[in-house]
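In this document, chain identifiers A, B and C correspond to the written order of the chains, with residue numbering beginning at 1 in each.
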Amino acid sequence: MAASKDKQSQRSIWVFGDYRNYFQNRVTLQLLSRATDLAGRIGARVCATVFGHEVDEYVGEYIAHGAHTVYVVDDSRIKDYNVDTYASLMVWLIRQHNPEIVLVGATTFGREFAPKVAKLLATGLTADCVGLDIDEEGLLVQTAPAFGGNLLAEIVTPARRPQMATVRPGVYREIPHNYHATGEVLRLSLPQDLPRPRVRLVSAERQVQREQRLEEARIVVCGGRGMGSLKRFRNLAELARLMGGEVGATRPVVYANWAGQDALVGQAGRHIKPQVLLAFGISGAIQHTAAITGADFIIAVNKNPGATMMKLADVAVVADANQTCLALIKELKKHLRG
Amino acid sequence: MNLVVCIKQVPAVSELPWDPQSGTLKRNLAEGMMNPACRHALEAALRLKEIHGGYITAISMGPPAAAEILHEALALGADKAVLLSDPKLAGGDTLATSYTLGRAIYKLCPDFDLVLCGCHTSDSETAQVGPQLCVELDIPGVANVEHLQVRGRTLIMRRLADNFLETLEMDLPGLVTVTTKQYLPRYASLGGLNEAFQSSEVRTLTAADLDLDGDKVGVAGSATRIRAVYAPQAAKENVVLKGAVKDIVEELFNRFGDRIAGAIGKDLNGRQ
Amino acid sequence: MKHTVIRKTVRAFAETELGAIAHDIDQEARFPWEVIEKMRPLHFFGLQVPKEYGGADLDSISYAITIEELSRVCAAIGLCVTVHNSVGLYPILTFGTDEQKRRFLPRLAGGEIIGGFCITEANAGSDAGGVETHAVKDGDSYIINGTKIFVTNGAICGAPLIFAVTNPKSAKRGASVFIVEKTTPGFAVGEIEDLCGMRANPVSSLFLEDCRVPEENLLGKVGDGLKIGLAALDTGRLGIAAQALGIAQAAFEAAVRYSKERQQFKQAIASFQTIQNMLADMATEIDAGRLLLYRACAMKDALSPFSAEAAMAKLYCSTLATRVSGQAVQIHGGYGYSKEYDVERYYRDAKVTEIYEGTSEVQRMVIARSVLTRPS
């Protein structure tokens, strides 16, 4: 059933326009794509909301990526992101138009903004979803991770409306930009009775790239206690260097001072999403595996074939971690020389 | 300063006691522990108390066994500990939980200056209770705070949000959720633990004690419902390599050299 | 609930602070001062000392749990803490004058000085009567001469208790105990012993050469040596039993883990009846030992005489530690013999628990005497 731009179709799926960090942050476009799929199944329109100042370029983008309607509140007084202000605006709009479903990207902002909207509306919200679907009854089925991604839960909001979810960036793929797409743009004035923000932003500095090295690395060489000693652990740095990657460590390693706290890959440390992860001597405690769910391809080296990490890996190498590391270094040097 | 810290007991597992046959989590096998982020929130509160003086009330909603973490909180330096425990409260989602905690705070410490929560729990990981508690209590709040400073009646907070290093301010009373990046938690001393059990008390309250609206707590007060829980299928084809290290490395390059090369971004003149 | 929380807290501390280094400090025979530093404010060195002297005032079961959890991760440090608390500090708490308690307890409880108890000499092991170190009264002090060997915490103790003969002519009432501060002229520490296990503990000899000790440092009365020694050892035995349990528990857990992961003949070895029988026996023994220990602890706290029960606990737990750790190595097969795995360290550490603070043979003497003198 093709998505209808018919204005008489009352049902709608809304996507919050999280346009900050636009080039890196594509989650709104990803959600518009998914919303389009879901809307087709329940005969609904796809709408986007944009709050801020001088935001027309995003309005255009959202229409080009699937929105049939965009609600815009453009005012210099709301030019900076503010959780409470935007939540009030969202609630105001939702109460007027009663969307069936509201989706928000699970950015840091989204994960603070959406719960407030849901609470103000006394409706249900599922956090950090990795899956959205419609079941036979037309309910939104929200799949969310628990225990660091070691479990998945399927959640529904049976009665309350709208059904809300924050969705993890990267789960869905955006529809390519459609230059010919058209949509309606509804511009609204800032309501006069909007409560004044009680949280004041004093300053916001864009993070220096350097600190995100581990999170953005395409290759991560991670070591655990199985490396055996500080001396051996250091070999991982050489391997990482040859591969142009970064070194990560598990919690016991950081406590033993074989690596610094900033190398900690874990629930209480950094979350990584490399294309290739090499895990040396790591057993795979959930505090660590929670932080590597984004890895595309995992090679685990451990002399214990039954270790959890070995089961999670794409390639499980049953061998001594340090010796394998040294052999890899030798082999790489040969290949890279040529 | 009148501080309230909300803490939660979560399963202490490095390996999930997951029963694939019944498709359920054997929660009763797992021991409990204080949620790591809650520990950091408590540590932040303890440091504020050290600097500014004051009173810390630790509150937790959970089964009777959760009293353990409240005793720990007392041993670490909280002044009062309250457990909200009642079968009616079980199974609540964040909507119901924020209502329950909010009503408890309103009743037990109406004159609070600051409520501190962990940024998220290691089991359900929603990170929603903090923000929803703000709405329940109608107070300003900031999530994922890494550093706090009090100046008069103003709280100055620093955090990393979506690639921005932000400094924010709000007037108390307010709420913060604390990340695990700073405020490295202290250990409870053994003498402190002993005293927490000997002379201090964890007060247990039921839904009735708090005058809670039965329609807003537990399963009845929840808007969401969990339909199924399952362990994600390992969709990957898992290759196991054994034998002499030299041979393994050769095989790795033969079979997966492309993959590795792609990630490195260089051409590995392979022995393909 | 208190015991559960104490167990969890000590376990979390031990795993975090000692877990990653236990293997290395055993290899290098290095005493980890950096961890001791962290233990001080947490009352690890004043476990059963009253609050007024800066201690945690724990009951004996909590004490046993603490030692067990430390030893489960690093037996050498568990040993340091139990010897300090039970035989190094407890005699001062029990037999010391208010003045002595004021002078020494706060520093000991705070871990500023580490304690120790020295009876053993080259010619006096099980036979305490063979002690040759002697203390001679000279004005308002005592001159002590002698050599003590195999002193746990020897190289680092600040105020060890020295068991010395004061009346050579008397058989039983001839010895006394002195608190000797290591800064005393004439006091010297020997080389650290190169031992099979407990290698991170700086065990050494202590040399006393015309060591002048003020009479204020005499613990109890002249001739109280045997009484103090026996009382100290009763308490010490509880600690050693706890230590042995910790080692056994660690070995057992490793064995369970390994047998679930190791595959031979196309299945996990845990599915073989032989292994299952071994694990079942190990589990039962450890539980039985723990109950024996807690029973003795409860009797001590109830102020009942508990010598025989403490001896039973020490005898049983140390024997089971050796057996269980040996089984664990066996279950690990060749890997168990390698230093890449922890089980060989548990095996090496376990053995000495059958020897120090009264060998198993001496424990049997104590138990037999109790059995034979009880009214039938």
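Everything below uses one rule, namely that a contact is a pair of C-beta atoms (placed from the backbone, for glycine too) under 8 Å apart; a residue touches a chain by one contact, two chains touch by 3 or more.
Note that the structure is a prediction, hence the values are computed from the model and not measured.
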Open item on the list: Going by the contact definition above, tell me which chain pair has the most C-beta pairs touching.
Closed with: A-B
- [ ] Return the chain label for which the distance between chain Cα mean and whole-protein Cα mean is smallest.
- [x] B
TODO: Quick one: point me to the chain whose Cα centre is farthest from that of subunit B.
DONE: C
Task: Separation of subunit A from subunit B, taking each centre as the mean of its C-alpha atoms, in whole Å - done: 19
Open item on the list: Can you work out the whole-Å distance between the CA centroids of subunit B and subunit C?
Closed with: 39
Open item on the list: Distance between subunit A and subunit C based on Cα centroids, please, to the nearest Å.
Closed with: 53
TODO: Two or more other chains in contact with one residue: find those residues in subunit B.
DONE: none
Task: Shared-contact residues (touching 2 or more other chains) in subunit A - done: 305
- [ ] Using the touch rule from the top, collect the residues of subunit A that touch subunit B in their complex.
- [x] 20-21, 24-25, 83-84, 107-109, 111-116, 118-120, 122-128, 141-142, 144-160, 198-207, 212, 218-219, 243-245, 267-268, 274-276, 285-287, 297, 299, 305, 308, 310-320, 323-324, 327-328, 330-332, 335-336, 338
TODO: Give every residue of subunit C touching subunit A within the complex, in rising order.
DONE: 16-17, 19-21, 24, 260-263, 268, 340
- [ ] Note which residues of subunit B are touching subunit C in the complex, please.
- [x] 12, 31, 33, 67-68, 71-72, 75, 187-191, 193-195, 197
Task: Residue numbers on subunit B that touch subunit A, as the complex places them - done: 11, 13-16, 18, 25, 36, 93-95, 98, 122-128, 130-132, 134-136, 139-144, 156, 160-171, 174, 180, 222-232, 234, 236-243, 245-246, 248-250, 252-253, 256-257, 259-260, 262-266, 268-271
Task: Of subunit A, residues touching subunit C in the complex - done: 225, 228-229, 252-253, 255-256, 258, 303-307
